[in-house]
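Structures for review follow.
In what comes next, subunit A is part of two complexes: it sits with subunit B in the first one and with subunit C in the second one.
Let's turn to the complex of A and B:
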């Protein structure tokens, strides 16, 4: 064999002597006293670029919605003779079919939707996740719950909403319940999928062989590792929730006119899209910003939590 | 040896552009591959051996980049070719064989079509390709080709699948084969067959092979020449026999020392005592749970079929067998992950079962499990400290003492207290396995079930973990049920050996008896198939 230029280096014999192992990646050594490590890590998400942007958008939207009565003290039902106008100095987003300012109505609509989402989405998320994870405690219960969720999934959101409204009567609480139930199969299945995946993981098996009880395994090992897709799903579900609200509002079972909601604005606006394309701009933009802020936050959370 | 090199790699440099640093994964590597010869590139994980092979094919993944050097194939520098020209080289002049044949084959294509596809890409017409595909499958030793050619990959065993991958690689008569750990995922007996096949192809077709592996035994059996890589550089090179018998570089010397040898002295510290920690009697485990219908019972499949064995205090019983033989199912049945379908498990003389959480906890005080891959058996969301805490709390340690006991556990496995707050990803493989062992020790068990505890580790780390296990055994009078497919490791650590095949134990005896005087034909097959460093180079 012809001799090549041998590049030899003074290599040390292989070692894995623990204290000075170079192959291990440097770990963050800061240990802030107190506070749960998991919570601390979740909070770190809000310092990533995505987290900061998402949080900023959300904060602006939330502040605007909360302060709506202060910013627009005249309310959302001030009618003028100028109906379906485009953007102008007086009406930045134009006016609707009754000549009401669309900027004002969009902000108030956001306010309405926030009040629904803030309750309905977390409710749906927690209940759905809990239902999806039942299978960890009892196999039979898990299977039964899934079939029930399948049945709910079989109903279109609006039909389901109609059923709820028939029982509860129209209004805010009926909307919240309708949205929460509508989201159950969504979160339930996601949680179930995560559960089945986690059950096969070796650290879950390891915990079981240690003698850790089913409940503790679920709480400590399965849930923390299953929560990310559910959080991301929650961010996406916000948009779905607005559309369920819209569907019910437009058939008169949800938010009652003249109170605006993003959903009803969109639904009415689409009918006037030929005369006034500006109509749906405001609600659409707000809806996109809303879902984007949640998606960014969910993404940031994902990024901080999963490190390969 | 006057032949011109087919492949000449000169001063190759590959840099990974990481966020905060430039990592030179391959740093000034040079070697030649000649026609009809097999060059082994050997090294531990992270040594840059796979990156080198990918650089030759121009298949380095982002953020890696070739930053210098030449790769000359028949005098032509491959690094200067553009992607289109490279497509003509890949598969045609240089072909690759991958580690995992299952991943390399398309699951929804018949195997003949996959070979034909490889021919089509390089411009062979249909009729010729069909005929040539059958010829290739024949050549790599697939039995009953006309029928087998119509099958799908999942209908083949791992070894047969790897043969198909090799057939695809050979399709266009490449002058160079690059094989990246092609036998690592295979059982020893299958590995022996694949190595035979590669040797035959070299002799019959005169193809040159670049063989990448971490296994010195395989190098000894197969390769003509070898280069040893460490941290991106070649630390030693030469004919196999010279490098393996008289290594000069300190790294190679250390590596050779760390490899368990088939002729090293056996353990002579078999415990005197007769106390039996674990006894398994006629154990059966049914692993078929798929119901064919609502009213029909599933046909039982016994992965463990009437196994009896016992482990005494302070001794290591090794359970040896190839994948699918039921050794892991057996151990998992003992700790209650699988349910037994028959037979008895006795711990310290009392029959136990692990159906409820309560029973499981009681069992966990005596028997603990150490998993093969510590990366997957540690929860990625929990620090080492949290994992230990959980085990300690289960073992009944009061909350106030947990921290002190955790530090103590880490000390037992030679880790410092600073590791408590680290997450699994911040540990190296060896350290992670130490954490896994520390966790198993939390309840002061009498028996550890070690399920391939060193298979996922580099040889040098493997040697350290084996030493650690031996020390722990002596200090705490622990009994081990050591599950492994690696006979050399088994020979080094065990007092007694049980050989398992198709769910049954075919031979059981002291390590010396089983290795020196195997009775069952299967044991003999296993022993011959195991690559033996010393025999190969003697």
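Let's turn to the complex of A and C:
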């Protein structure tokens, strides 16, 4: 159960390439000229071909979702007499079983998905990192936390979601909690790997010998070095989060119709697949674009930020 | 090997123990009276009282847990008050469908994963690598349910080659059954393949730089022999671990695939039980899913330990 750090998320950055380039930097990066170098390193990622494509797709999706109320001021619930129609000039992606425009519903669905990601992923990253770094303050607490993360990891993603839904009832908040908990072992292990790797370094030993407290060492030396892999991991985890939303909503345990989300649109669309194969096309395409943009960004970051 | 197993055992038991506590607490987390929750909304007052008696709900929580766990361990999985059948009956009746799906999906996953991995790890032409990398990235960005939806639209609705909804058990009619099974299993297998192929590919590429490969090349071994005999064999360990983790995830993924392809397996049973708030059933299904995931990991770690003595000695 220890070897799966690399494989659980499919594309996790290899653990054997520590961020050696950053480890020599002694001071907090935001206040020194090194801070600019950090920003430059991240900007370089967005200039690679993958970074450019990923960022462009993401920007278009994000803009559309944010501006949805401006572009489609009538909301996602406007019904017409034409139900389950294919693509036409008036309804680019066709209409659903109640004659509602599917392009509008897909864009609003994307909005729902973004609202989940924006809350759940940072929550998971921060909590997971904190849990992973607990070991620096107390060895026992660190070991206990690792066991707890092992237990969460034992639950296949959907099963964890099912348990959360049973307790909280289906909906937006259950999805956020399921995603946030599901990411804890992932970020926790990455933070702990960075912790163990930095703890043995000479400058950390030196700082400790000079009498710098455990908390200060953690905050000023170890955390800055854990940030890179965790940010890359965060980009990868967004893809996982989107799939958890869609998966749970498809089986009817996530966002409940009539509220659109990419998953809940698919949930209804599958039932009408014979009458209108067009129904699932929009949400499917947007899901693929969304996940592709984040995995391209993760790849780009992985290449430029971590491997040197 | 036995020592390796003994060392692994505590962490596995811990996961299973924690899972049993979570499963036990599930109906008790829900708002309201647990007896009422377990009995379902349609139960009469006498039925609810009978459940309260038989589960010992008036006794302390700790005693309730021990009674419940003792029953489960002895094979008394309880009765689903909502479906009005014993839980073991319900699970047995749905098991064949899910096992057929998971087995065929695993076969697809292993074949495609190792195939793509060897291709990506051995080709040295730039276009070849690009092609394999692109295939991997695309597959990685496409989870099982999306592959399933695309297969349904292409092969089920547009060309109508294979049935996409419902199922026929293989034990009843293998010829028709396999037609119903093919697409869901392919969707599930294809989606999980890239995590194996990417790992295998990376390992093979780095193994290629090892000295024993140079030696083999200097001795005049053919490229094919170097790939399969020298590089692949030493790189398989990582792929084996990835397969083990993925098999556990396959069962989780089966829940969604069964919903899309309208198959009546354990996944659908789980969804129905959650929707009906049938806690007796959910408890057992959650424990079963975790058990399968943990066991498949253990088996692969054992295989890996058998393949690679370093793992055995490290543990």
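A few remarks follow.
The rule is short, and it goes like this: the second predicted complex is superposed on the first by the 170 of 308 C-alpha atoms of A that agree within 3 Å, B and C clash if a C-alpha of one lies under 4 Å from a C-alpha of the other, contacts with A are read in each partner's own complex, and residues count from 1 in each chain.
Just so we're on the same page, a residue touches a chain if its C-beta (ideal position, glycine included) is under 8 Å from a C-beta of that chain, and two chains touch if they have at least 3 such contacts.
Keep in mind it's a predicted model, so treat the numbers as computed, not measured.
Look at A:202: by the touch rule set out above, it reaches subunit B but stays clear of subunit C.
Once chain A of one complex is fitted onto chain A of the other, the partner contacts of A:211 are limited to subunit B, with no touch recorded for subunit C. Of the two partner chains placed by superposition, only subunit C is touched by A:273; subunit B is not. Of the two partner chains placed by superposition, only subunit C is touched by A:251; subunit B is not. Contact with subunit C, but none with subunit B, is seen for A:166 once the two complexes are overlaid on the shared chain. Touch criterion met: A:220 reaches subunit B, while subunit C stays clear of it.
In the superposition on chain A, contact is made by A:287 with subunit C only, not with subunit B. Look at A:295: by the touch rule set out above, it reaches subunit C but stays clear of subunit B. In the superposed model, A:157 lies in contact with subunit C only, and not with subunit B. Residues 1, 4, 6-8, 10-11, 14 of subunit A contact both subunit B in one complex and subunit C in the other. Remark: subunit A residues 1-2, 4-16, 18-19, 21, 23-27, 29, 31, 37-38, 201-203, 205-214, 220-221, 224-225, 305-308 touch subunit B in the complex. Taken in their complex, subunit B has these residues touching subunit A: 1, 5, 10-11, 27-32, 34, 44, 46, 225, 230-231, 233-239, 249-251, 253-255, 258, 335-337, 357, 360-365, 368-369, 371, 373, 376-383, 386, 390-391, 394, 414-416, 418-419, 421-423, 425-431, 434, 439, 442-443, 458-461, 464.
If you check the complex, the residues on subunit C that touch subunit A are 8, 11-12, 14-15, 18-19, 22, 26, 29-30, 137-138, 140-143, 145-146, 149-150, 152-153, 156-158, 164, 194-195, 198-199, 202, 241-242, 245, 248-249, 251-253, 255-256, 259-260, 267, 270-271, 274-275, 277, 279, 282, 286, 289-290, 293-294, 297, 301, 304. By the touch criterion given at the top, residues 1, 3-4, 6-8, 10-11, 14, 147, 150-151, 154-159, 162-163, 165-167, 239, 243, 246-247, 250-253, 266, 270, 273-274, 277, 280-281, 284, 287-288, 291-292, 295-296, 299 of subunit A touch subunit C in their complex.
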